[in-house]
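Letters A, B and C name the chains as they come in the text, with residue numbers starting at 1 for each one.
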């Protein structure tokens, strides 16, 4: 009971970045427990699994079916639980993504084993101990796993992918075709509409520093440069009628905690900070270096937003394009 | 249509969290508790489905301490017909035993639909509803943002990274509600008055311990001090570099 | 120099909107007795009445089941309750004769007390005036007391409905027959949104108005019935903060003088709740004489004083709130506090003793008296005015009137300025109120002329001192942003008037933008100062406003 199963995620044949994080976490745990790492990729045919060894997989199993271009919970659950039952695993690790959050409880329930969700750290020295935030990030649990195997979903971005090269044996198997209790029929791409601030993983918000509603174009351009970013606003500009209420971030507006929050021309009254302080990374752009927003910002740029923001947009386009 | 809604009593989002004397749970002194906000969407959806069916019964079920009766009363005031409290002193961190206790109750209820909130804002497990469906052997869709039910079948939409999954299933099923599924109603005065007279059954339950033993509950370290990357547009490359290599968010 | 008389631009209380003669809707709820306002007065009244009904049932008195309801506008009991407070336990003891002081939700007995006269940088200890002695009293949080009373009331079968402001008084002829609660789910322009819920009519045999300071329905009733008082009611505004401190405090502190200007009446307080938790605040009479007086700003300035700063520095401001206090005293009490099917309790009636800074035990005691009167009336099966008149008599023959009468002119004396007022008040204390005992006539706060002065800018540091926006956040105010404005303004007002509102309002509701008055209605914390000097405050969607926890 010292091996670790890493359940990876792919989309359209390409592994997601988060899968490398899962593998990294699995490798570290397996090393601590003295076991090996099995990687499991479920999907349509033609998934490119090369390079998984680089992140620490000892064995890679590709479970393929052309019917499986979409996440089918019943198939995925059956594949994972069958592999766990056939193996000797201390832990099953997957990512706490939309898929992982749905799959992890199914696997834990079917195997009747413990489930630790949204884990930010795993310690394998002396049993398995996990760390996970709770109470909207205001407290952190440290818990010992007292029964194995256990299912662990790891929070995206919490584990930094690191290479740990080894020769990985790759095996390909067909997927089972159980009755589908739930059937995912399609994935609708977002219809070009901007994401809601409460849901987006990147939020760019503008405030009074923009001087007028027409200048929100700068904020929108920056959001577009990121691809899937939402545009938010401070209460002052919403009250002034520059932006709709739905965009307002703050205590009386929406509470957001994206991966990246960029505050443009927002001074940062507490009521605004209350709505975004749990964001993972906060960037502030403001001309007044004494603005309270800089007190919560991880990165600040002081100066004229009318020069800084277009430049940032340009740089982000370069990064995303390249 | 027979519908169950599972509820949790949680600390208000604005509550300042203080760690209790045992170092493993929060200090509940002075904490205001509310109905888990995601469960409100679940309640609303159940009520709307019952209303549009024109007939049926909605049952609210909560697992928790005696104080959870108050939470059930909130749902009764919104229009739920009856309540069941599965009374237990403490809930384990591992969601699996919680799912088992609820499944034991729900399995005997002959429900067409079972709603949960997608996540409780205290422990953030995002798991119990899905566990229940698995234990009952019925379909489930988690984090449902749109729902249509007709002729014993359902179509649900759930947001995933960069898209919306469209999922079909047949009843009975478990659905966990995402924000935006609907606009939950406010309990009306008359509803609160009537809620006091609605049946609320209390059943003591014994939970398994589960496989997670809490060693410590702690307050996260203060956010590391930020830094001013620079002044003016010339600082932008340094900012982008920091976001890529330090913060790793782009 | 420009002068402003606030009443010149103050809209009238819209009686036609508040007092309605519609027949109650078919959906109405009927109760026997309705307490409007879940504060100390309303809850003490509900509890006493429930006790009496229970005793009657035990003694086979034949009254039968009596339904008692309490309507409270805040989302949960106590969230709009704010007081100093150092509480006199007498009303708790009378309400719960079987309980001991330790059973009550007080924080700690007053051990030490001190009164200081402040100058900008110094403080001078004064002898504690007899009216301000607090031996035997307790520091407490009104929020906590109210929540505790609410639990007791519910245990006795009282229906407590939090989150339902009473918006209209339902009348039939001269009789009050109940209230209509405020609707919820209106959008900014007053249109019904998808979550619209209409108000509910609550019909009662007796309606007890216990809305607190400057209660809208009580004001409307008094105006409608043309109930007179010898003096008009006057008010003070208190702004209060709760701090978790590094340095413990064991003394109840009051101060006079700085930072108030000489022509304003008021003072500050700092009370220990726990060794390292203090409540501190500043109270200023709204008859102040310059338009730029800003109670919130003065409190921020005051915290920098060497008397306060050492306690606060390195600590954390955890809560902020504001509330008006009726200060007129004896001569401002309405001539009658009852009518057909109605009684008026607590702060809504003006039962506050300013020199001793006390109101809670008077409020509770008035609730107890009202309950006894209502109980007798229900027994007789008749709740018209003559059957409720004994409420006024009970109050008149009690310590409420004794105390308030004894200090009847002390606050009013300060109308003649701080020094002369101080002298007169000392003489009054020495003579039990007999010297200078003749009524000092006063005008309403809104009729007092104020000299126009430009607003003072506050430079908050975010650690010891806070902006109004940050303060509102610390009040727990999470009012829906898309709510329609509940404040009635008089169209475009002069710059001086707008600046007066902006300075006066501690919650930053009023702003002067491009020379025009802007109203940020969701900021409002229901302190009612605006209703005293300017735009009228109307009840709004339930659950709006602050959510005080330990105020």
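In the analysis below, contacts are C-beta pairs under 8 Å (C-beta built on N, C-alpha and C of every residue); 3 or more make two chains touch, one makes a residue touch a chain.
Since the structure is predicted, the reported quantities are computational estimates derived from the model, not experimental observations.
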> Where centres are the averaged C-alpha coordinates, which chain has the largest centre distance to chain A?
Replying inline: C
>> Comparing chain centres built from Cα atoms against the global Cα centre, which chain wins on proximity?
In response: B
> Between chain A and chain B, what is the separation of their C-alpha centroids in Å?
Replying inline: 20
> How many angstrom between the C-alpha centroids of chain C and chain B?
Replying inline: 38
>> What's the distance between the Cα centroids of chain A and chain C, rounded to whole Å?
In response: 49
>> If a residue has to touch 2 or more other chains to count, which residues of chain A qualify?
In response: 295
> Which chain B residues reach two or more other chains?
Replying inline: 16
> Going by the touch rule set out above, which residues of chain C reach two or more other chains?
Replying inline: 478
>> Using the touch definition from the top, list the residues of chain C that touch chain B in their complex.
In response: 27, 29, 76, 159, 161, 163-164, 181, 184-185, 194-195, 197, 200, 202, 318, 476, 478, 542, 547, 549-550
> In the complex formed with chain C, which residues of chain B make contact?
Replying inline: 14, 16, 30, 32, 183-186, 188-190, 192-193, 196
>> Show me the residue ranges of chain A that touch chain C in the complex, using the header's touch definition.
In response: 235, 238-239, 245, 248, 251-253, 269-271, 274, 292, 295
> If you look only at chain B, which of its residues touch chain A in the complex?
Replying inline: 11, 13, 15-17, 19, 26, 93-96, 99, 121-128, 130-131, 133-135, 138-143, 157-170, 173, 179-180, 209-220, 223-224, 226-233, 235-237, 239-240, 242-244, 247-250
>> Under the definition above, what is the set of chain A residues touching chain B in their complex?
In response: 70-71, 73, 77, 96-99, 101-102, 104-106, 108-110, 112-118, 129-130, 132-148, 150, 157, 160, 181-190, 196, 198-199, 202, 226, 228, 255, 259-260, 280-283, 289, 294-304, 307-308, 310-312, 315-316, 319-320
